[in-house]
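Got some structures for you, see below.
Each of the two complexes below includes chain A, the first together with chain B, the second together with chain C.
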Partner chain A sequence: MNAVFKTFALASFLVMFAAGAHAGETVVSQKNKDFSQKSLKIKVGDSIAFRNDDPFFHNVFSLSDAASFDLGSYAQGQSKSVTFKKAGTVEIECSIHPNMKMVVEVQ
Partner chain B sequence: MRASLRTIISLAAFVPMAAAGSEQDQIAKVCKPADAEDCIVREFKHTLEASKIRGRIVYKNYCVLCHGETGMGDGRAAKVHTPKPANLVASKAPPEYIDLIVRKGGEGVGRYRGMPPWGDQLTDEQIADVKNYLVALRRP
Partner chain C sequence: MAADRSNENNSISARVGTSYPPGQGEGSPEGRRPLRSLLIRGAIAAPLVLGAAIAFATKSAERMVYDTDGEAITLEAGHPSLAKWRLPDVPMPENNVSTPERVELGKKLFFDPRLSRDGNMSCASCHSPMFGWSDALPTGRGFRSELLGRATPTVVNTAYNPIQMWDGRKATLEEQAMGPMEASSEMNMDLARLFKWLNDTPGYKAAFQRAYPGEAIDHRTLSKAIAAYERTIISNNSPFDRWVAGDHNALNARQVRGFEVFIDPKKGNCSVCHSGANFTDNGFHNLGLPSWGDPNPDMGRFAQKPLPKMKGAFKTPTVREAAATAPYFHDGSAATLEQLVDHYNRGGVVTTNLSPNMKKLDLSAEEKAALVEFMKALSSPQTAVELPTLPN
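And now, the complex of A and B:
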């Protein structure tokens, strides 16, 4: 019985460890022409899902050396993800709403 | 400063037309070069000249990021787009098409999706103004 318990405990630990080792995903909402977070720290390999919670289009992009991308325009309720593969500071903007800005520190 | 210079040059171009009693003649009579743009937008707001001035402001706020300061398609965000943003100086698109692609974006008219739809962000007047500015921006 004790052996079964130990095996179960070990299996549980391994499952939890494996889950922790996975890259994380953070959801950043676009609401009222603003990002829900102005700054964010993530690890290399992590992703951010940019979710449009406004009733109009957003178009998130970055021109930073650490991550250069353009997600294109997407409507309310839609979400687009980016995986950050390089450490550094990433400035993120919306091409439709020039006042929308946030900074992601990829560590 | 560059905009003011351009306005002064534009106003100078109005002078020979004074005899014709045109709209541009009236502008030249009323608006002094020192504050020509403000004057045109204020006193002649329904004219093409006023629309182009307002359109340039719209362009600088929303379009310059991809299409660049001079409309050549070389804005700072051009590097993340393939194909590159359109060279608006060389464009031959009819004004009606400009109106459509500005409102619906590239994807909305069956072209590259990099051009966002601006119909929700810009007013009808802003779209008309930027269209007039873009037509004036063209070079043969």
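And now, the complex of A and C:
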């Protein structure tokens, strides 16, 4: 019983570790109607997890050539991830609050 | 008297205790204490409560609510937690800092019907100070009374907003100003004719020279002058502003209750969109208005940003001066503030693509009335607007 528990704990630790070490995932928070980073440099294949830390809905989208996506709108505590597959400049916005903007340089 | 007062406050604290976020409710020391003392003293004080309630009805009771930002707000005149509702000074672009000459010129232009093709329509025809700088119409009336698709928004405090128009297609007041003159459905002006006329009118030539020395009379200086005037159309001295600044008598108990309903996510939830000192998030939301069910509805923001969530979404307007700007919404569908509150209370009518921040509210009659009374406290005292004499 104890051994099973230990194995399980070890396994879940490894899984978490693996997830953390996954080819560059950066967390960008949406807080006080702003992105926590205004600009970011990443590599092709890296991903960004956008987490909503405000108690109301935000959206994340981009209509840039290098990456075009719309994550829809989601509530506090939720997070959605985008992997950037093409080099270039990606302008990211929240459609609900157009003042929320950030730029990602994918190299 | 002092004992009665604390008892009155305690009874209110116990009531709003239920609006704490999970984990901070009645079980917390803050939540339990008032309730206990209420029970102990209740028997003795019961006959006094009614009297105390009347005695303190005009004084704002000290109580706390967690607002739509998740922040603890103390509902007490001048309390530091109210700081985010203090309007800052009017922001101005570096290349158009207001001067008396610029404002004076802008005022003449704003009220001058000769800026329109038929010589009978000025900015003030639709943005009239007699109707809270709007027109009291469900949707505007343009060139030769053509029916426009959207309501005329007030220009009060637009100086504070980084985005203009119902669909946000303009950013600044300078960018916006030429639009109505060019629009065939509005002032429908021939711009070449307009600038020739302004240059040929000595009074205007001199006024432009004083306002923008050395600069040409063109769309740039015309827009700047109008924007400078609009930056003087400000509401910042309402009873609510005075209460935020510390005047306990500026709001009555019902208006404070209305403010509480406005900012409480479990009640009105209004400030989730009408946030901050100018009561707008400068964002876009679909409120599920009746006109959204029309065969070819106004797509609103979607025309500017072709994202599904923006279909039927419109910009959050200020709530300041709302009492003076009926009817309400971009389609003019709410005739009164009471009807407007009913729309929100229902959680919208046509709910396809409804904003996720909209929900059915279940407000009591008293809460709805308090909300309306609070909104009325967002109007500054009316000041007379002196009409300019127009140059020849």
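Following the convention adopted for this analysis, the second predicted complex is superposed on the first by the 85 of 107 C-alpha atoms of A that agree within 3 Å, B and C clash if a C-alpha of one lies under 4 Å from a C-alpha of the other, contacts with A are read in each partner's own complex, and residues count from 1 in each chain.
Just so we're on the same page, a contact is a pair of C-beta atoms (placed from the backbone, for glycine too) under 8 Å apart; a residue touches a chain by one contact, two chains touch by 3 or more.
In this text the structure is predicted, and so the values were computed from the model without any measurement.
Superposition note: with chain A as the common reference, chain B and chain C are in steric clash.
Of the two partner chains placed around the shared chain by superposition, neither chain B nor chain C is touched by A:49.
In the superposition on chain A, contact is made by A:98 with both chain B and chain C. Of the two partner chains, chain B is the only one touched by A:68; chain C is not.
In the superposed model, A:59 makes contact with both chain B and chain C.
Across the two superposed structures, the residue set of chain A contacted by chain B and also by chain C is 56-57, 59, 61, 70, 72-73, 95-98. Residues of chain A that touch chain C in their complex: 32-33, 54-57, 59, 61, 70, 72-73, 75, 95-99. Every residue of chain C that touches chain A in the complex is listed here, in rising order: 68-70, 162-163, 168, 265, 272, 281-285, 301, 305, 307-310, 313, 355-357.
Interface residues of chain B, counted against chain A in their complex, comprise 61-62, 65-66, 76-77, 79-81, 105, 107, 113-114, 116-118, 120-121. Contact residues on chain A toward chain B in their complex (touch as defined above): 56-57, 59, 61, 63, 68-70, 72-73, 95-98.
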